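Structures for review follow.
In what comes next, chain A is part of two complexes: it sits with chain B in the first one and with chain C in the second one.
Moving on to the complex of A and B:
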């Protein structure tokens, strides 16, 4: 068997807790062709260049139906299921992208002259976080993922979208099943992953049908939230088709919680690994704003993105990416690139000039970043302020399977109590 | 407090607008206007906005010599 590339090694589950040494190796070839024809981009400068390059498309319909080599026979069914969904904004190009994103922006943030729907949520966010911490009173051991990081983003995104919270157990299972099956590395071909993929296909379908059902329900009877508003009132740009709306609603439901959960969990984990930083933040709570940026740089919730491809040949860093080739931009590696960040493996809550790629850049810059930031600033700030003497029980913690949305499955912490 | 936005860097991402809309406004799709002397009561909002700018175009209290926020 040929030796694995640094990229393939980085994708192995055994390296999920610490992919960084492999990224360092990977950066020696900023744009590295993989055996399957994918071009993996790992350096800050090249990632930014491609994010602003109109010759790069995010449209999944342009991706070569990745000929599932005999090595990955399980790979195609779910891919089909995903691509059956209409493209959403993360997987299409201008002009559709800009038109749909503008429409979503108005419904998510409010009208252009008063875009404060998200900042108005701060009292809700504080109330939910306070409730979660109050609920830990009397406990000596907590799981930061299940008891703290997960409930906040899911409650908020359901409220914003108008998805009934009672349905949470169902769609949570579908999303987890799908994510646990999404493996973009050498382990995709294993027996176990292949059987997971079979299950995931059904889950993605169910999620799609669930959303379509909700849309129909709101079409008949308007209700609270963004989905109903978009069904009834497209605004100046017209209305989205039902399929496009459903696909974007699934995107928001999904993107609106997995990523934020992982950032909250990783932030607590990282601070507990860096007691001086934790102490500094406890003494100077106002540092929470730059601290969250640094925590996101340090452990990026979206490690890379996988739906881009070259529209024409692109010469970059001494390589030619041929037209049609898939391109992976590895944000998690660009964020640790020593050419861009001084001492990148050091956590510095006051890092100057922290222009990280945690939310990407360019036209696909994270749509939900203002919401995510507010949630994480409040959650991590309050955790640091209120939890007495938190200590990691298991380090490194167990990780979720998926490589893109990288995050711990559990973070067990022993505590002495909860302050008021 | 005093703020300066480097409008040559600003890419019109509007991240600042969503976090402190009383201070930053986007006119049309691309051009940003802002209040260069917002009330100190808005400091947290403005600091959040500065940290949220993807290209770090917002500088806080630079003229006072006390550098704050994410600007270098």
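Moving on to the complex of A and C:
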């Protein structure tokens, strides 16, 4: 059996907690062809170049069918199941992308319709964070993921979208099941992953139906939130079709909290691993803004993205990516590229010129970035201020299976108390 | 002591005890001052500005301020750090004595310097007839006082606004008028708005955009005279085509004039296109010899650019002011080999008629244009400018996220036309002439002449116009 490439090793679950040594190996070949024909791009400069290159498509419909895993003819990756949905803004190209994203932006933080939408949420965010921390009083051990990182973003995204919070247990299960079934590495062909994929297909279907039901409900009876607004008022460019709208609503619901959960959990984990940085932030709370940018660089919530492909032959870094080839841009590796970031494995809360790839760049720059920044600044800032003497119980903590949306399943922390 | 050690000691001493004067208290002056402190300069720092205000931001003056969203006096530039500088605001610099190393102020004071940063920028070209320019309602737009005056005039719901000049300022103000539902006529001497900056092909798109938004656009005409009523308020304009326009607000958007008059007699290479300097911001004297103590940044600087065949570029752009000042500041407190060049790829943005227009590179340097992405019909596209088979600039309408790609191509001198995109291709992707106006005729009276025959005596000499 041929030796695994650094990329394949980075994708193995055993390396989820620390893929960085494999990324370092990977960067020796900035644009590396994998055995399945995928081109993995791991260096900052090349990632940025391709993020801005109009010969790169993000459209899943352009992707060649992935080569079936050997001896596993039935193992269809979950990506294929997701493709059954209409494309959303992250999986399509201009002009559809531009039109749809613009329609969504007007209801999120667009200058004409909702310029204060995000900043007006700050009191809500502070109230929720305060409530979560108050709830830890009297405890000596907490799970940062379940008790802190998860509840805040999910409450907010439900409020913003107009998804009833009481449906949270249902869609949470569907999303987790789907996330756990996505594997783009050498373990994709395992018996366990095959059974997960089977389960995930049903979950995606249920999530889709749930969202379609919500859309129909809002079509009949307008309600609060972005989904109802998009159903009734698309703006100058018209309205999205029901399928596209449902697909984008699912995207917002999913991306609107999963990535933020991982960022909050990773931020606490990282600060507890770097006591001097934690102490600095405690002394200088105003550093929270650059600190969150550094934490975005240090442990990116989206490690790479997998729906891009070359529409034409693209010459880059001495390699020609042939037309049609899938391209993976590894943000998590670009963010640790020593050619771009001095001493990249060091956490520096005051890092100058920190143009990281934690939110990507170009036209697919994270739609929710302004919301995520505010949530994480408040959550991490308040955690640092109020939690007394937090200590990691297990390091590294257990990780979730997903390679793209990488994050800890639990972060157990012992504490001495909660300050006012 | 070795020479290297002596020089290092010199730099240290200058950073601690030197005396730096900055003339110009706008974006370039402020960012230059901040950069000097960032570089570790702890000596004396004086900032001279002819306006009475602390540095403020100009881009909003033709947009948010006029719409009434932001008061004109709420545009102060954010401060990146403490400056510990002496501010001499509301007093203009009127002269420079390089031998004595002194800046002369309008109040007669002489301010001594070891090193000087010139950041005096530009001012708005006024309506040329002084009597007509003095009519109530005739306004130009450069300063925050101008913006406050124009905002008040628009808030009074004039029956019609006449904008003279279809450059960026004129077009942006016409856009604001339409947003406020105020009738507006725009006259442009050239064949289309924005033609000087972006060429005739893009100008034609801008013209159609203006007309679609209800601007009464008149191209190929100029304003011959402005007429006022008995109370001295402007009422109408006579145009070169014999027609008249009734208007009670007139914006003279006639471009800018560089503030170099105070440098007359200083022996610096200062002229109508600004103060010549090297790519590190070090000013040239009139002979083209670089000076060691005088630096230039911002709109008033004019420097050779490697990407554009070393032609001298004067860039009236926001980021040129910021980055040029940072480079000049760095070089003011360092010595060779630690000098840095200001190799900015020029870029600018404008917001008008609901469209975000952005550009990178130097469009007028190109002679061909090709649409590369999007749709001209939807006014959502990218286009590239080429010259002799290489890409030299790009412009986007509501496609700003792609500029970085074109910037990278320009920096690499990539072939023109660039490769087609993988999707969202324009209907026509054939390069066509960009239709820039022919360069202006050379001035009849040269500003600089050569004198002397003996090579040792050969010097350049400044001869003021009209002599």
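Here, the second predicted complex is superposed on the first by the 406 of 420 C-alpha atoms of A that agree within 3 Å, B and C clash if a C-alpha of one lies under 4 Å from a C-alpha of the other, contacts with A are read in each partner's own complex, and residues count from 1 in each chain.
Going forward, a residue touches a chain if its C-beta (ideal position, glycine included) is under 8 Å from a C-beta of that chain, and two chains touch if they have at least 3 such contacts.
Just so it is clear, the structure is predicted and the values come from calculations on it, not from any experiment.
For the composite obtained by superposing both complexes on chain A, the positions of chain B and chain C are in clash.
In the overlay built on the shared chain, the residue A:94 is in contact with chain C alone; chain B does not reach it. In the superposed pair of complexes, A:57 makes contact with chain C only, with no contact to chain B. Once the two complexes are overlaid on the shared chain, A:17 sits clear of chain B and of chain C alike.
Applying the stated contact rule after C-alpha superposition, one finds that A:359 touches chain B and leaves chain C untouched.
In the superposed model, A:189 makes contact with neither chain B nor chain C. The partner of chain A that touches more of its residues, comparing chain B with chain C, is B.
Of the two partner chains placed around the shared chain by superposition, neither chain B nor chain C is touched by A:212. In the overlay built on chain A, none of the stretches 1-9, 19-27, 73-81 or 181-189 of chain C clash with chain B except 73-81.
In the superposition on chain A, the residues of chain A contacted by chain B and by chain C overlap at 361, 365.
Residues 13-15, 17-21, 25-26, 44-45, 47-48, 51-52, 54-56, 69-72 of chain B are the ones that touch chain A when the two sit in their complex.
Against chain B, in their complex, chain A makes its touches with residues 109, 112-116, 118-119, 286, 289-290, 292-293, 352-355, 359, 361, 365, 369-370, 373-374, 377.
Only residues 48-49, 52-57, 59, 93-95, 98, 310-312, 361-363, 365 of chain A touch chain C when the two sit together in their complex. The touching residues of chain C, when paired with chain A in their complex, are 372-375, 378, 380, 398, 401-402, 404-405, 408, 419-424.
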